[in-house]
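After this come two complexes, each holding chain A, first together with chain B and then together with chain C.
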Partner chain A sequence: MSPVLSVEGLSKAFGGLMALTDVDFEVQEGEIFGLIGPNGAGKTTLFNMLTGLSKPTTGTIHLLGQDLSGKSPAAIARLGMARTFQNIRLFGAMSVLDNVRVPRHALDKASLWGGVFGTSRSRRREREALDLAHELVEMVGLGARMHAPAASLPYGDRRRLEIARALALSPKVLLLDEPAAGMNQAEKQDLSNFIRVIRDRFGLTVLLIEHNVPMVMGLCRSVAVLNFGQLIAKGAPEDVQADPAVIEAYLGVADARGADDEVAIGGGVNNA
Partner chain B sequence: MSLAWFLQNLVNGLSIGSVYAVFALGYTLVFSVLGILNFAHGAVFTLGAYLTYVLAVGEFGLNGLLAGMTLPFKLPFALALLAGALLSGLAGVAVEHLAFRPLRKRGADALLALVSSLGVALILVNLIQYLFGAEIYSFPSDVLGTLPPAVILHVGEGLVAMRTIQVVLFGVSLLLLIGLAWFIQFTKQGKALRAVAENPDTASLLGISVDAFILGTFFISGLLGGLSGTLIGVSFGLSGPYFGVAYGLKALAVIVLGGLGSIPGAVLGGLVIGLAEAFLPPDMSSFKEAVPYALLFIVLLVRPQGLLGKNAEEKV
Partner chain C sequence: MEDFLARYGFLFVTILQQALLGLSLYLPLMAGQLSLASIGFYSLGGYVAAIMGTHPALAPLRDALGFYVYPLEWLVALAASTILGAALGYPALRLRGIYLALATIAFVQVFGVVVLNMPIAGGAIGIFGIPQPFENRLAYVWFFGPLLVLTLLFLWRLERSGTGRLFFSIREDELAAGAMGVNVTARKVQAFVLGCALAGVVGAMSAPLLNTWNARQGTFDAAVACLAYVLIGGRRSKWGALLGAALLVSLPELLRPLQNSRMILNGVVLVLACIYMPQGIAGLFARRKA
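And now, the complex of A and B:
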């Protein structure tokens, strides 16, 4: 089976600083793939390159076999890559519903004239887009706040709305940048379930940046660990968890040498 | 202070004010998308007036490079207005390509585009002077065809004169304002445009081609600028290639008065300034050009964010 997303030899230099060095990994279809690593390890830089916001210094990214080199963020989004942000980026002045309707613009190829003069084809598409937007908003539990400005929502709701907006792009791959940040244990559990549900419902492949190691271990079939821009481990969660290099990255050098394989690396970052 | 006096000034103020609003909206659109003022907007205003003049009258003036040349056709005024506006829209697109895009692509500080747009404005104005000459152009009085020059209404014992051109100014402006509001609020493209205005990066990640929308914004902005230039030109004549400069500054006062980046603010600001000019007592008419700025000064003392502007909230 060919991977949905494959990253080869990816590096990013900011001046003399290597934010990422020679990163390789593949994500299989339908997988929930975890990307972990300490702060500043290059996780968000990697997301920015996957979505075209910043250009790799070297290396290639393929989405569904297509090379993304030189493609604009908008073109990559239309190919099926959607993301959320660590610091939520909604259109605050727009209503909840309108936020979710924005991406449909990109997918609907009906002409400007169709939109302006309301041809029947463009009206039908508009109706379909509206139905999908309603469904997505209901699905993330914001049906009652449909027409409220996005900026008026509480924090957790804004996170869910951002996911709904990403889903409105009908993506193949969904990138979630620390979706559980600021959530309590029960909310994290809900979010994990929600990610599984949308994966199955929309046939997604999910790439997840998360500091919360127990959550990643529970949710992901494969995990990659970044440290100082280098991919120091990848594989099944339990193997990665036992990897000496990973323990070293999280717990420090001296202790790690003799560290017991059973050390839960989650313990080191849980409070971060 | 009769009712007729009041109505007469209301008519005068609303017709000119609505054109100010349309012109100012061109600034506002670009500002809300790029967060920067386009100083070439006043030059596009001038260009629109000249282009419409030539298309409607069919000939150039007496001392530019094109002196004495004639077009093989003359368009009816409505068509010339439309064609002049569309060409001004293209001029807006050229401004984006020359003054804004190259700097944006290199990640230059947004303020630099202010300077480069000022440069494009100078080039445009001088090009107009070179091609059309520095003389005054006036639309012929029969430019509106067989329509009567004015309608006189009897109100009480007084008279209210509604010049046909005032009705045209108000009617065209009103149509544009309603059309634009509808486009931005209710169409899919309008939503996408608002998304680009709020955060271009996020919009691009949702599949919106940000550059195309910026280009579209400059087109609409140029169209509004050229159209308002023509309307002012028909009403008061084209007093030379620099006649857009004073109006350009006035429109800046309009958008600051209304609240930078606020579309309803630009409309309100335009109407307020138009009405304030109209209601200025006749013996103070030599201060007319100072009215917008005096008003601006007073309003900003009370509401620094402008009439309908939002308080900039700094979030940590």
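And now, the complex of A and C:
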């Protein structure tokens, strides 16, 4: 079986600083794939390259066998790669419902004159977009607030709205950037269940950045660990958890090795 | 009543005309793009109408069409503005924020210099003796009034359509819009060209009204005046351009009893409005509704 998403030899340099170095991994269909690592390890940089927001220095990304090199973020999104943002980026002044309608209109390539004159094709698509938006907004539990501006929602609701908006793209791959940030234990459990439910219902492959190790271990079938831009381990959660390199990255070791100093300074700059 | 209309008829027509120019700025602003190019397209449209209305070679056409030469002028101005707008939009809209504003001001300046040196545009004197369809200036309401109604209807439909939502998504967060599949560049150009086309038609309607047309119609000052309508009226609502134009065009008239000090008060009103109404007059209504 060919992977849904495959990343080969991916590197990203910001000037002389290597934010990512030669990263390889594959994500299989239907998987919930966890990406973990300390702050500044390059997780979000990796997401930005997967979604075309930033161009890789070297390396390739394939989505469903298609090379994404040189494609715009919008084209990549329409091919089926949807994401949420670590620092939530909703369309603040637009209503909850309108936020979720936008990706659908983008997929439809909404016609200006069709919309203004209300052609039957345009009206049908508007209705479909609205029905889908209703369904998704209800599913994430925001049915009662669907006409409120997105910016007026409390933090947790905004996170859920962002997921609903990403789902409106009918994606093959959903990238979640720290979806559990700021949640308590019970909410994290709910979120884990929710991610499984949407994976099954929409036939998704999920790629998840998360700091909370127990959550990742419970949810993901495969995990990759980034540290200072390098993939230091990948595999089943239990194996990764036992990997000495991972333990070192998270807890540090007593005798800091001189050879790592240069890399450590680079990572520090990346953090800041 | 007749006396009132005779005195303020021109003012009323000017309000409609300036409101339309304000709306031509609002269109790109729907997609978050601050463009001051409108006045250049207004100038272009005016030249199209002036040349079509006065050029000797076109006399048979004018005789054959009679009054219908005016709608034809609008259509030609519309086509010319759309083409030039698209040609300008694709490179210019790679710029963001204040840089786009500066680039569009540069366009207005360059356009002014170019027409100044084109023999067909009459050089510094411009084109004068442009035929007028109406004897009375108030009658131009029949030009600008229907155009304003049509534009507002268009905007009302647009804001409730998929394309309108795509424009707004770019205004709210361009990066997120791109990540949600919105073809950001194409949509920005679309919004920009709509504004250019509207400004071009307004220019074509204005040439007969003013009777003469020259490079002074498309100056930086005029561009800033249009910007002021949108800022004072409210840049996030189509009513903003209308309210802003009504206020700013009539303010010097309303303050006429103050004689020479009226321009000072005019300036004070603008500054206070910017400080206390960042969302403009339309913003005050929106807040009350919410």
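Here, the second predicted complex is superposed on the first by the 251 of 272 C-alpha atoms of A that agree within 3 Å, B and C clash if a C-alpha of one lies under 4 Å from a C-alpha of the other, contacts with A are read in each partner's own complex, and residues count from 1 in each chain.
Here, contacts are C-beta pairs under 8 Å (C-beta built on N, C-alpha and C of every residue); 3 or more make two chains touch, one makes a residue touch a chain.
Keep in mind the model is a prediction, meaning the values are calculated, not measured.
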item: Fit or clash between chain C and chain B when superposed on chain A; value: clash
item: Partner chain(s) touched by A:F14 [first = chain B, second = chain C, both, neither]; value: neither
item: Contacts of A:T51 with chain B and chain C, given as first, second, both or neither; value: both
item: Contacts of A:F202 with chain B and chain C, given as first, second, both or neither; value: neither
item: Which superposed partner A:L169 touches (first chain B, second chain C, both, neither); value: both
item: Which superposed partner A:D98 touches (first chain B, second chain C, both, neither); value: both
item: Which of chain B and chain C A:Y155 touches, first, second, both or neither; value: neither
item: Chain A residues contacted in one complex by chain B, in the other by chain C; value: 51, 53, 72-74, 77-78, 82-83, 85, 89, 91-94, 98, 101-108, 112, 115-116, 126, 129, 165-166, 168-169
item: Residues of chain C touching chain A in the complex; value: 154, 157-158, 161-166, 168-169, 172-173, 175-184, 190, 236, 290
item: Of chain A, residues touching chain B in the complex; value: 51-53, 72-74, 77-78, 82-83, 85, 89, 91-94, 98, 101-108, 112, 115-116, 126, 129, 165-166, 168-169
item: Touching residues (chain side chain A, partner chain C) in the complex; value: 51, 53, 72-74, 77-78, 82-83, 85, 89-94, 98, 101-112, 115-118, 122, 125-126, 129, 149, 165-166, 168-169
item: Chain A-facing residues of chain B, complex; value: 183, 187-189, 191-192, 194-195, 198-199, 201-210
